[in-house]
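Across the two complexes that follow, subunit A remains constant while its partner is subunit B and subsequently subunit C.
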Partner chain A sequence: MATEDVWEVEHLSEFLERESPTEEIGYGKCSLLSVTWYMTQTSPHSSLCGSTLEDETEIRHWIMFYLTRIRGVLPWQPLPREQLFGALKELNSHLSKRLYVSGSGFSLSDILLFYGLHKILINMSYSEKMSLVHICRWFDQIQHYPKLKPFSWLWVSCPKTSL
Partner chain B sequence: MGFGDLKSSAGLQSLNEYLSDKSYIEGYVPSQGDVAVFNGVGSAPGSQYVNVLRWYRHIASYTNDERLAFPGVQKPLDQYGGASTSAPPADDDDFDLFGDDDEEEEAEAERIKQERIAAYNAKKSKKPALVAKSNIILDVKPWDDETDMKEVEAKVRTIEADGLLWGASKFVPLAYGIKKLQISCVVEDDKIGTDFLEEAITAFEDLVQSVDVAAFNKV
Partner chain C sequence: MASNSESVDGVSGCYGDPDVLKVAVLKELNPTIKVTFRKCTDENSKKSVSLLLSNGFCVTAANEICRYLVKKEGGAVVSLRDWALIDYWLEWEAISLKPAILSSVINNSPSDQLLSCLTQLESHLTSNQKIVSCNEFSLADVVVWSTLLVIQSPESKLSSNIARDYPKIAQWYRSLARDSRFSSAVWAASNDKGFEGFYDFIIPSGSGKSKSTTTGGKGQSSKAEKERTQSASGLSPSSSTGDMIGQADIDKAMAHWNEGPDAAPKPRLHSHPILPIPGERNVLVTSALPYVNNVPHLGNIIGCVLSGDVFVRYARLRNYNTLYVCGTDEYGTATEVKAVKEGLTPQQICDKYYALHSEIYEWFNVDFDIFGRTSTPQQTQIAQDIFWHLYDRDLIKKDTVDQLLCTSCDKYLADRFVEGICPFCAYPDARGDQCDKCGKLINAVELKSPRCSICSSTPVVKQSNHLFLDLEKLQSPVFDWAQKSISEGVWSQNAQFITKSWLRDGLKPRCITRDLKWGTPVPLEGYTDKVFYVWFDAPIGYISITACYTDQWEKWWKNPEQVQLYQFMAKDNVPFHTVVFPSTLIGTGVDYSLLNHISSTEYLNYEDGKFSKSRGVGVFGNNAVETGIPADIYRFYLLYVRPESQDSAFSWSDFVMKNNSELLNNLGNFVNRTLSFIKSSFDSCIPVMTLSHDDSVIVVKVTQELQGYIECLERHKQRDGLKHILAISRLGNGHIQAHKPWELVKGDKNQKLLAGSLLGLCANICCLISVLLQPYMPSISKEIQNQLQAPSECNIIWDYFVPYLPTGHKIGQPLPLFKKIDDATANELKKQFSGQKQDTGASSAMGESSKSKLEAELAKQAEVVRSLKASGSATKETLDAEIAKLLELKKQLGISGASVGSKKKGKKTK
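Let's look at the complex of A and B:
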């Protein structure tokens, strides 16, 4: 696992109220997906990994989507802008039909995408955000999630499209 | 203010707009407000109401018992939607113990309120809308020490766009006699992004090797 992933892992362990598993597993050899999945499964919040096999598959899919299409396989090498925006458009149209990214509710994929998209959305202009309204609605919903409140100092303003 | 008749297309349209930037009817968790409106809508809406459909499917994914356990108290349907302050507090009438017939007074109060609203709107329309602006400092690096930095600066200043204003610039020595151009500009956030600036400047590829944002401050 790359050093860039530590940020996500540390925030996640804060969220899950458990230690980050530096010692427990071969930290260096696992992907972010496996590490976060293991952390969630062994925490009191294992329901974030989905309750049915369908949910679980979908959650894994969207975490992989985040890792490959939004963050890029090599985190230190950001994806070209067109590719990133293509992926964001795809996520946007997915979220036009869903309240949460996968399954029937809040899940691990929401958390990881939230951490990942935060860095992107905070640097986005208003007009760019307006072209991704469904992502913004979802993001606003997630950043109001009670346990993610400590992030409020990093609040991202989301465009209001209704009164 | 409510959404009107939720069985009609106008009602669904207003609910659709309301839900375009919200996940739930009230706040950030499912509540009895969702149940009330859910029951009001009755059946899954057509796909043209994409926001209503998304919300409807999500609420429908809960069982009846789960829905009953949502927090909050159900209010009449017409009290959901829009944080409109002009909605009359309906409860007041119920507690009017003395039954005063103060219609005249109410009419007078209503007239004064209307006047104030008109005055406020007039005042607001005169005030120019606040535009979010940022002060950006860009570092423009040339290919080598033979690049004419004066020409680079002139080229950069030829970039014109709505909401973009170039400011002071200076040449900063880098190494081996190479200088970089440091130029500041003020942009309107809604109209110009740093990506646009970087793309526009790197378009002079004969002169410019790279462009970096050295500083980005909200004004």
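Let's look at the complex of A and C:
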């Protein structure tokens, strides 16, 4: 299992107030979506998976977007910069019309994208962030959510903008 | 991306797109699905498959589209668990299989990633008929089958690979291909072209059927193709394990390394009394007060004082302003009883056992700032002050309680000193708080035919006046506080759960006084012959012990803005710390520092059972000293098996194994070989360090483990923190193994330089390890630093890994840090603590006959006592003498004269 997955699953377990599902479903490589989806559905916060089938599908769409277009095939082999930025631009444009990633409100897609984008945003220059101003606005909002972050969180400074 | 031609809930896609094939199969199974096919021949019109939802969103993730269509239809019920399995394979297909297939097809040769996927699938299909067996097949089967189709095409060289090397996959594939619905879908989705249609879709048009160049998807290929083979980077020939770390990671870590330790904070020196400093991170740590009367066993120790110690040492290394408060909990019935038994006063008993506790914790290297006692004038003063505040705010209720009074012993009997017939299950030896047989909680007054467990006479029910803390009135503010504390602080899962249950069940008034002599006296007129009940009184001990430490204690305890209170305990103590004590403090109206963070452990068992002093099972604090194994090794093992999310067990064989493998072979080996090498080949001086690429990758990985360690310790995941340290040491060992410095030093100048850099790096890793290890094994940490001659500035835990040992620094004498424990010793120790009484002595000679003889005598003596009491004619002295005889007989038989001493420290019934 990629080390990053463990981090995300452990943090999510705490946020969802449930145990990490080590035996319930196989913890294999590339199973971040299925593991976290199952965990969230069997937790007190199952509404994070959407309440209608449409919402559910949209939430999962964005998680898959993150996994295939931003994180890359193997989590530890970064995508070529051009491709990554192309995906980020798409996400940015999507977030220009949205408060949260999914139209149904705060969901698992916000959480996983938030965890995943931290590494990318923390290394970005100010001007790069200015070109992704809606991602930054969204990220800053989630960043202030209590309980989502580990204790030693490195805050990402985001240029101020309005929706 | 939505175009006018798309209809809601309708899928649109291109002919020949394998993703569209997935949908086509689904359409064969469920004709109501709407699909619109497009002809797409040039690159720019090859858009991905899409589905327009009724809420306006257009889904382009193919598998999600399929999932939606299947779920929308309803049909056969699939369990949540099965969906999780299906989801796993859908994710696997999208992230691993599909990109691998695309790039393999373009290059006409199977990539490593493809082979690895196929191997995984083959193995899965060896024990499963279908990928996920729901009904005939599942969505997972459909999706994977559709993607695999293209490499089954005769055009592709890869089809023979499949048939030859992956028979199970071939078999599964054929079984579905024979299904007419699947084959119809293939024609429909390819515009009747079959395999060729799909193949053409993948290979960029105009570039010929088989590309011979090695790198696909890079360089001059079109944008559209790039988008389709977006993860072709998985194919890059330069990928090796070294490239797993990104360049950004390396640059960042090396920037800090090169800046060196000057940028790091300097360790702060503390002098007593430690007081909060405004603006700093002020950390007040308490460990549950061990009950004075019980000799602590290893389970007690890991549950509280040791866990607290690890955190405190860590906090000091982070330069937090830290105070560690603990002490013995001395008041209560058990001490009174023991005093009578041993013929001493309660104060003398406490003095004796306090010294025992103190010694034991000192041996275990627990670094309290104060280890005090609850039987002090400060306790009385502070407890009474708190009481008066509660009284003045109308939170004290007066009520009567039915209690059992043993007239012959002249004592009000605490629940556990009463035995009788259980009112629920008629078990004849139920005790007054809980029936051992059916487990139901009972009040002593409910027992049928109750008897005093000391003298067996029947107690009388008396009404006694007592004071109650009206928690009902405090329900709302306590609830609000708990919510806030849980959301802002670090609370262990079991603590959250227990607290929420208590609050949900609603708070009831709790009795806070008892009819005893040894305790904090109640100051209210009419109740002055009573003392405060231990669970009201004992947590106040944290405050009074601080008051014994410094008269400026209010700066810690009445300062919630500046102070963060961390409390460590085992889970049975939780409600008293998360509900009762905060209620008490909130009720006073004074701004006390309340609990912010709590770490509560589950239970540590011993081998296959539980610790038991009376049966001699398990290692107790005073035993550990005698085993000859150093305290740090015990600390290491206990923290390694710390029962964080579930019960765990102390096992001698495991203890020995961990010592020999993790400590000796991993950690000890790494430090020793590094230092020995530097001594022998570099004259005990740290060599010149020009770090190679591989070295810098190690720096990054060590940094990642370091940051993980910090994260763990902040969240009280002490077991995991320890694993990070061992991982760092493993990285070091692996690095040495991989580069073989013993060969490099025999080589040319460059190779010697490489060896030197490597060893210099490893020495600095040893230094880091010594610091991270300090909370866990303080003596070993000191020893490592001594062998390194490390500067004292290194004793700081910072977020980055920097070298404290520069080139030219002279190290000390390398010595082995750990000793191997052999199996013989392990077996001996296991036997010693297993409770089987060792050979000789009257106790073992006690055969069955002498036991039954004693039992007969006991019965006789009990009868003597009973009749004396009944007749009323005996003097008190005579009666006392006969009772003493009875107690002695009970003792010989190993029956407790009073059911004293629950294993869990500090716990009282009710």
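The definition used in the following text is that the second predicted complex is superposed on the first by the 149 of 163 C-alpha atoms of A that agree within 3 Å, B and C clash if a C-alpha of one lies under 4 Å from a C-alpha of the other, contacts with A are read in each partner's own complex, and residues count from 1 in each chain.
We take it that contacts are C-beta pairs under 8 Å (C-beta built on N, C-alpha and C of every residue); 3 or more make two chains touch, one makes a residue touch a chain.
Small disclaimer: the values here were computed from a predicted structure and weren't measured.
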Partner chain(s) touched by A:V133 [first = subunit B, second = subunit C, both, neither]: first
Comparing the two partners subunit B and subunit C, which touches a greater set of residues in subunit A: C
Which of subunit B and subunit C A:E58 touches, first, second, both or neither: second
Subunit B versus subunit C as contact partner of A:P159, first or second or both or neither: first
Partner chain(s) touched by A:L33 [first = subunit B, second = subunit C, both, neither]: second
First (subunit B), second (subunit C), both or neither touched by A:K147: second
Touched partner set for A:R81, first subunit B, second subunit C, both or neither: first
Interface residues, subunit A side, partner subunit C - complex: 3, 7, 14, 17, 19, 24-26, 28-35, 37-38, 41-42, 53-58, 60-61, 64-65, 67-69, 72-74, 76-80, 83, 103, 123, 146-147, 150-152
Subunit A-touching residues of subunit C, taken from the complex the two chains share: 53-57, 59-61, 63-65, 67-68, 71-72, 80-81, 83-85, 87-88, 90-92, 94-96, 99, 113, 226, 230-231, 233-234, 239, 243-246, 248, 252, 487-488, 490, 493, 496, 645, 704, 707-708, 710-711, 714-715, 799
Subunit A residues touching subunit B - in the complex, by the definition given at the top: 81, 96-100, 104, 124-128, 133, 136-138, 140-141, 144-145, 158-163
Residues of subunit B defined as touching subunit A within the complex: 17-23, 28, 50-51, 53-55, 57-58, 61, 82, 84, 132, 189-193, 195
